[in-house]
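Next, two complexes with subunit A in common: one pairs it with subunit B, the other with subunit C.
And now, the complex of A and B:
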């Protein structure tokens, strides 16, 4: 998918969500954006919006639960996650997401299990990074 | 191009540095980004994999959040995944999953590295095997022949005690069975075993979807499976399971009166909830039942009509469809009266939905349900005079 197409999709989703009222259902049909039979589920916590797009192979309420699992995991990982945590932890966010969904299939729905896997991955990452003794990054130097 | 200075080589900005930098720039963001891309283009050419992967990570971030094209870096991504260091591999694979597509020239080079990584019996093996199952479906979409090659392994995985592997495999079969159910009918006994034995709701939901596709093909299968499904419907505590059972029964087990009646009872429970999600799904369940079991809709007529007034657009639309499903020769006048009243009170969008529905239902089968054309013509006149009406051209 080209970057232009990605931008267009995100703009469409934003357009569809920003006019939603507060206490209504969390589902929307998005055939016009993502093709036939597609729906999205969203949940909104303060300034953070979480949106999952899915098709008829998924159950609506299960998808709503999955957002909950994702947010709970983020909370465990960052202790009361806020917008800044997500902005500065791009790498970790992907680690978490990769444990939950891979190739479009849901793999794990227990936030404890996800955290355990993410911690192991972080350990492997830092172990492989400690090969370089001299920090090559500016922030690495500052912290010495 | 000037060769990189000593200072440039010594200090590479990390992803964190870039993010902080971006947040401090308010008006000159695009200049900042251009400078960063220039740095990345220089850094990424290095043979040092640590520097290369940091550059790739920054580029992936810019691609993801700021829509910067990264297709030019595809070969560098391949180099990163060939690093023995886990951190570099991870950065490389993320870059690949975000930016590669079928037309990426170097895509064939991945398969060699993938094979090495999948076989490598190191501590990452566990993560990798689970991910592999999820990825397999993507292959099947493009190369249906591949299904035959992996089939034996996939079926074996149905007996796995690892819940992640089972979830992924059942998910893959769910998608395959929805496209070509007949080919997966022979696996019914395996799915039956899971249906009666598993306690994992995610897996059960997928199995229900599979049976919704298989049951119409084989009545003897439907007969065996309907009772365990009703059992789940009666006993489960999870609303997602309740809804999936309702949907399965309403879609593929419509001849089983007691199952349908049980589903209707559960739908009513959803309709009476305050939670708009449950209410919406209850109405949705009713519309799946409507074609063969209109009695269920009629039984809940009051709630359906009341829902026309709901503040939730999903609920309003769903109840409008249900109201139209209830229309017949005997009640068309009354229903149109109720609907026109609602249209007068509604916003532009819903008003036109209502009017549109009235028009299309009335003219179905060459005006089959209209017995009094004088009344119909005056109704058309009334509708065209409604302030929000945009359907004038259709008369």
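And now, the complex of A and C:
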């Protein structure tokens, strides 16, 4: 998929979701964006939107649960996760997501297990003396 | 020390965030990309840490939406870094940036493999994750066996094994022909006994993929799935960390029930009973609670259980329980549950016997049509559409019409199409139908396709009782101040035909009607004006005695348009003008339109096509489609243009030549063809549009006029002979006797299948025939997959094998009917008796609707399928080569007119035909030696040796020598090789041994040269 196509999809999804009211369902029909038999489930927490797109081989509500697991795990990692955590630690985010979903399938659903794996990765990283998390204050530090 | 391990990265991200606008951001990104590019160019000074940092930056820039077209090599090379952080970056960025076909991935395969089979578990995890995310073919070829080993290894940690399971799943999904899962049913059954829930969840996903591909092999897993479900839902035997809001792993429950839906049924009574017990427990034990997350999770399980119950066709009692539950759900506050309640009710409709229970909830469903959430409104619309029948059509359609004025634009097209279809399908009386369609045009003209108003015209034309009513209605609408153009079209048409039936009513004198219509002319586009002109001509004709004033007025209009730039308008204006001055003769020419032949509704056809388009492949849907065909999902026109087009075009060529007969089956064919014509082109130009409306008249006209009347009808002048040539450009369809056109090139498909073991043998709009073959020595086992692509059954299916003498072929019974959207598998056993290049032919025919299709397809059970590659050493080759001293065991031929090929290409061709190219045996680098073994029933496995001598100065000629222990084999193999090297593979293969490439009088010089070489060698 080209970068342009990716961006176009993101824009279309944004276009669809930004007009959603509060207290409606978490499901959207997105056949026109992703082709027939595609489904979209989203959940938003304050300014953060989490969106999963999948096909009819998955259960919508289970996907919604998975978003919740993802967010709860992020919460454990970053203590009250917010947008900045994600922006500055997007590399970490990739590792976490890789522990939950692999090749488009659910890999692990217990956030305890996911945390365990993520901590192991952190250990491997710091054993070779590297990344630690960027605290939220970094933006303050940068913008002064 | 910076705050992160990579200060530069954090600084860069902050910079980006501080950009005021997109332009600034782009500048900053370009600067960074330039910087990275320079640093990568001079790699010497680059530490692994810096490389890692730059590659992370590249990923960030990529995520922002910029194309990063360099540095891929650096990312890939990090995979082989010794330390974890670098390796991790390499893997993550590679899987984000590169796709499965990227050449660089090949470079990494060895490293990835070493990581997978190595001892370091963290490395194993990284490698499995990347391979699972990319899933390329080469990965599958070289890594799948190692991944399989990891999955079943008892010494591996669950963390690694669950990743191996999903990695394998992805490789299998993407390359089912490469990943060998023979004998995996036992392993899967073992994996389902796994205690670790992570591994079990991944294995269950893997099972779903395997079972959906071939459920037969996995019956032994079915009881295990039921056990797993019992373990979770009944015994709650599960570690604490896997309960989610108090529910034992909802994902695993859901996956398990999904896997069960891929088995057609549960036969063993004990297993069935246990399963129903658990399902009952789930259905009854779920309540709506306050906590949203808990609610979601418990209902995820519940809805999956519902789907499984429907799939299993449970006893009626359980079904009505399900409907009762759904009835409850569609009224709850939680929107997600309302949504799924409606969706599942729609699915439920496909199961018989619940229609009446669902109807009890009609009022609630209609309320959902006004839900604040468009997702829910859509589901409600689908459900109303699905549950509509004669008894409730009036209520439902009127609700839909009412809703139309307030509905979102995004839904109006779908809504109006559905309303139109329901009105047509279930109209209690025809005047109601006319009312509905006119209201529809009035309220949502922009969303009413031409099909819809064509259809109403057809109905009115065919029902005399309806004509005065329709005309009166049309007259009423004309009084409205602003009406949609489609309304102008349909009113003008109806009034042109039938306004004389209203003559005595107030406001309906010819003059009044004319001016009511003419008032609209300035507002309409050029596609409508021709219709108005026809109407004027008709009004004129019906005005008896003639009204000179009206006549003058109309003539003035005609003469005004005589110089119109639009050809259609100009032609009509001129012709009508000429005709109307003929007086009484006009009567015969502009007589009332005759009835249309009964045709299948283009709308309903359209609906069916749209349904095919969006149909999902899940087990329940497949089955459900056999129950009914009115679950319509209309996509917008852009997305539904793919298959329907081809289906439509297919029908076009079906037109038989017709003289004015009564209603024969040929008529029906014609009408079908015309019916679909309208669907082919979403916005037909005016000529075609009228062609569709008027075209079919031809078959009902006077026998003598039949030939000419079609083009005449197009220009609106029935019965007046004009040279057919004049109108030829707008005659919409051509005659053709072939009823079904294949999709794709049959020859190409055959040749492709000669080289591989699975693929599509034949496809047309109705059926796809796939083939999968396994070859072992002289035996072959082929499976034909006959897939019905339609929503109606294919009948009189017949498959005959016409085997050549050298093959023994047994085809298992082919069912006479293939149900809608079903796939039938027919195994085929082949045994090779002796060498021959003749080809077996499959004579296949079926009936679809009224058309009969018959094709003769060559089966790819060709000579090379009975070859197996074998490598021979120099010590084996030369004695053998010498012992086969000459004809008939060893044949030699010079061949000219060969496709010029490099030696490498030729070697590739040989390899693809199971001939092993033996490197280095021939001292002359321009020659090529190959070996293979041939298997047949009558002669023992036979070693075949082949030598090709090429002339580097003239690649179009070469000399072939073939040797084997059997004269027929030698001859056949020689001919076979010649065919491959000479013939262009897509050309049809001649039935007899090809004459062209056989040695012709040759240039002695060219001959002696390679001959000498050969003599020198031996």
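Methods note: the second predicted complex is superposed on the first by the 127 of 144 C-alpha atoms of A that agree within 3 Å, B and C clash if a C-alpha of one lies under 4 Å from a C-alpha of the other, contacts with A are read in each partner's own complex, and residues count from 1 in each chain.
Please note the rule applied: a residue touches a chain if its C-beta (ideal position, glycine included) is under 8 Å from a C-beta of that chain, and two chains touch if they have at least 3 such contacts.
Just so you know, these numbers come straight off a predicted model, no measurement behind them.
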Residues of subunit A touched, compared between subunit B and subunit C (which is higher): C
Partner chain(s) touched by A:35 [first = subunit B, second = subunit C, both, neither]: second
Touching partner for A:83 - first (subunit B), second (subunit C), both, neither: neither
Subunit B versus subunit C as contact partner of A:69, first or second or both or neither: second
Partner chain(s) touched by A:124 [first = subunit B, second = subunit C, both, neither]: both
Overlap of subunit C and subunit B interfaces on subunit A (superposed complexes): 1-4, 6-7, 21, 23-28, 56-57, 59-62, 64-65, 87-88, 90-91, 94-95, 98, 102-109, 117, 121, 124-125, 127-129, 131-132, 138-139, 141
Complex contact set, residues of subunit C against subunit A: 3-6, 10-11, 13-14, 17-18, 56, 59-60, 62-63, 65-67, 83-85, 88-89, 92, 96, 99, 122, 125, 128-129, 132-133, 135, 159, 162-163, 166-167, 169-170, 197-198, 201-202, 205, 208, 241-242, 244, 249-252, 254-255, 258, 293, 296-297, 299-300, 303-304, 335-336, 338-340, 372-373, 375-376, 378, 613-614, 616, 618, 621, 633, 635-636, 638-639
Sites on subunit A touched by subunit B in the complex: 1-4, 6-7, 21, 23-28, 56-57, 59-62, 64-65, 87-88, 90-91, 94-95, 98, 101-109, 117, 121, 124-129, 131-132, 136-141
Touching residues (chain side subunit A, partner subunit C) in the complex: 1-4, 6-7, 10, 21, 23-29, 31-32, 35-37, 55-57, 59-62, 64-66, 68-69, 87-88, 90-91, 94-95, 98, 102-113, 117, 120-121, 124-125, 127-135, 138-139, 141-143
Residue numbers on subunit B that touch subunit A, as the complex places them: 10-17, 19, 23, 50-51, 54, 57, 61, 63-65, 67-69, 84-88, 90, 94, 101, 123-124, 127, 130-131, 133-138, 163-164, 167-168, 171-172, 174-175, 178, 201-202, 205-206, 209, 239-240, 243-244, 276-277, 279-281, 311-315
